[in-house]
Amino acid sequence: MKFGILVNEGPFTHQASDSAYQFAKAAVEKGHEVMRVFFYHDGVNNANKLSEPQSDDRNLIKLWSDLAQEHNIDLVVCVAAALRRGIKDDVLAPGFRISGLGQLIEAGIVGDRLIVFGD
Amino acid sequence: MLHTVNKSPSERNVLESCLRLAAKGSAILLIEDGVYGALAGSQAAKKIAGRMGDLKFYALGPDLAARGLSEAPLVDGIEVVADYGGFVDLAAEHEAFQAWL
Amino acid sequence: MMEEDDFDPEQIKRFMFVNRKAPYGTVYALESLETVLISAAFDQDVSVVFIDDGVFQLKKGQDTKGINMKNFSPTFRALEGYDVEKLYVEKESLEARGLSENDLVVDVEILSTEELSKIMAAQDVVISN
Amino acid sequence: MLHTVNKSPSERNVLESCLRLAAKGSAILLIEDGVYGALAGSQAAKKIAGRMGDLKFYALGPDLAARGLSEAPLVDGIEVVADYGGFVDLAAEHEAFQAWL
Amino acid sequence: MMEEDDFDPEQIKRFMFVNRKAPYGTVYALESLETVLISAAFDQDVSVVFIDDGVFQLKKGQDTKGINMKNFSPTFRALEGYDVEKLYVEKESLEARGLSENDLVVDVEILSTEELSKIMAAQDVVISN
Amino acid sequence: MKFGILVNEGPFTHQASDSAYQFAKAAVEKGHEVMRVFFYHDGVNNANKLSEPQSDDRNLIKLWSDLAQEHNIDLVVCVAAALRRGIKDDVLAPGFRISGLGQLIEAGIVGDRLIVFGD
């Protein structure tokens, strides 16, 4: 099955990004395809490569980058939401790309399910 | 339809809205702070019990455990989903998905 | 409802945008509206729902000068020009907030909880915020 | 003590908690989405009316206006604060400040 | 309560940290605890209050391996070592959640709503999240 | 009167930063002193100079920078919260500085009032 995922919140402050990551990881482990993760609202902050959590804490940005690389997942950051919040190519972590909201709608059309995580 | 509820019912009106609008035959998975809604004996428990006949209820195990609720008595009929793989299975089994945020 | 096995890329899906939050206190209402506008370009079956405090997004007479934000409520009137014509409001949510159809900036279809519940259950993609 | 409440009473339990714990003689200023709590005729209105005798209630004008509530009937006794300068005055007049978030 | 006119920089202020939110669903509980720990170094009169869903922060038996977060509930037991000894829990909040003193990871003072209300009213600085 | 201000949320997503800014501006216009604004939790995102809102929207980062410069207000971003969220010197807007949580406690001790804005 082909999953699309929408993440509405940034890392750490809300559990949304953690839950979405655990869902995506479990989905690919079960042989499903995660075709795209779309980051909207504060979710764009998940792409900030400057993030440096304490050493005994999870690093969500790196977790997303690694998962995407390993399983060829398309990580898309909404350009409009990202501009407002100062997420630009300068700070974009590996595996993320910046694009338009159309990528979210497309994930809804092409995917079998769109799974949403937020506040 | 698989619905998720991720808010505590004593803090926000999310579970209440989901219970009001979820159509007969759909499933509700409590995740994140939403798992507090699974606790037996609360106001929310009565509302869940009231729809136990026509909705199926689940609570996510890792979120229960994180909050110290693995041993806590839950509303009768709520099924604990052991891990995120179980969440994925539920999402695959139901034809669509709605998050109540 | 579409089946997994006969997915046809040409087939139109039912997209529903669910608004449960008031405007201005958070940005979700505004950014959700931006998504609705973009979705219009994809020729899908789009509906927008207002329940709970989401109905406050449609309240007439918003004047945001004093909080230095943009009043985006007129944009709801522009949705028709984008062929987004299915705007649903839950009657119970509206009445619980002391509002009636006349208080809203745009024509909407006011539905009972049961009617709305049926429409929600028939969606393929639900985008909430 | 000046308390602020910034959440809608139909979405969250913030106003309710504030009304339960605010000590007699303190003031409550409704700001942001909290101004929906000032509307007459709601569930929250009854709770506010119940403490009108021993608390002083205010609602922030710019937040009311933004939400289209400048002309809306408010609970009797709630005073509208015209601008952020009025908010500053209230904060200065009261010996301490507590935000209910 | 301190008066404006006779402010003395040597005077000790009453600081209260108010916790109303459950742990893990949001980071506020953890980051508030970090502030409490720092405040201990300033020799002020510090108290920490748990009301509403904030009481869930103190629930025994938290096991966060499955959500890949750090279980910070043991840190509440370390507060005493920082001389932060005033931990207040509202009885009504605890009981409404089916909890009792035995369910909590740390010794606290359980107060009625009226008792807590009086203590809150006597604070100089209230930090909420 | 000497005000300290605590901002718990980032720009745009919640009104907290807007309300705090309007309060601070009104306070200095009335002749009060705003001795410090402390940014905690997602509030650290208010210091991200890469933020680029639409041209007809307010730019909260710039508003804070300008207000601080004009009225000599100390804008302090919590180092622990900022590291987690990827706010570092590289992206710090003018007028902001990164420091520890002690600066918040100090604002509570030295100021006459601590005014808190959040979600």
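Labels A, B, C, D, E and F are assigned to the chains in the order they are written; within every chain, residues are numbered from 1.
In the analysis below, contacts are C-beta pairs under 8 Å (C-beta built on N, C-alpha and C of every residue); 3 or more make two chains touch, one makes a residue touch a chain.
Everything numeric here is computed off the predicted structure, so don't read it as measured data.
Colleague: I need the common contact partners of subunit A and subunit B, sorted by label.
Modeller: C, E
Colleague: Find the chain most remote from subunit C, comparing centres computed as mean CA coordinates.
Modeller: E
Colleague: Return the chain whose centre of C-alpha atoms lies at maximal distance from the corresponding centre of subunit D.
Modeller: A
Colleague: Provide the C-alpha centroid distance between subunit B and subunit C, rounded to the nearest whole angstrom.
Modeller: Each chain's C-alpha centroid was found; their separation is 25 Å.
Colleague: What whole-number Å value describes the gap between the mean CA coordinates of subunit A and subunit F?
Modeller: 28
Colleague: How many angstrom lie between the CA centroids of subunit B and subunit D, rounded to a whole number?
Modeller: The computed centroid separation for subunit B versus subunit D comes out at 33 Å.
Colleague: Averaged over CA atoms, how far is the centre of subunit B from the centre of subunit F? Could you give it in whole Å?
Modeller: Averaging C-alpha atoms per chain gives centres 38 Å apart.
Colleague: If I count partner chains per residue in subunit F, which residues reach a count of at least 2?
Modeller: Only 1, 8, 12-13, 15, 19, 22, 41, 57, 80, 114, 116, 118-119 qualify.
Colleague: Going through subunit C residue by residue, note those that touch at least 2 other chains and give them in order.
Modeller: 24-27, 52, 67, 69, 124-126, 128-129, in rising order.
Colleague: For subunit D, what residues touch not just one other chain but two or more?
Modeller: 6, 10-11, 13, 32-33, 62, 83, 96-99, 101
Colleague: Pull out all the chain pairs that touch, please.
Modeller: All chain pairs meeting the touch criterion are A-B, A-C, A-E, A-F, B-C, B-D, B-E, C-D, C-F, D-E, D-F, E-F.
Colleague: Given the complex with subunit E, which residues does subunit F contribute to the contact?
Modeller: 1, 6, 8, 40-41, 80-81, 100-102, 104-106, 108-110, 112, 114, 116, 118
Colleague: Contact residues on subunit D for subunit F in the complex?
Modeller: Subunit D residues touching subunit F: 6, 31-33, 62, 83-85, 87-89, 91-92, 96-99, 101.
Colleague: Per the contact definition, I'd like the list of subunit B residues that touch subunit E in the complex.
Modeller: Within the complex, subunit B touches subunit E at residues 6-8, 10-11, 32-33, 36, 39-42, 61-63, 65-71, 83.
Colleague: Which of the residues in subunit F come into contact with subunit C in the complex?
Modeller: These residues of subunit F touch subunit C: 12-15, 18-19, 22, 56-58, 119.
Colleague: Of all residues in subunit E, which touch subunit B in the complex?
Modeller: 21-26, 52-53, 56, 59-67, 69, 71, 73, 96-98
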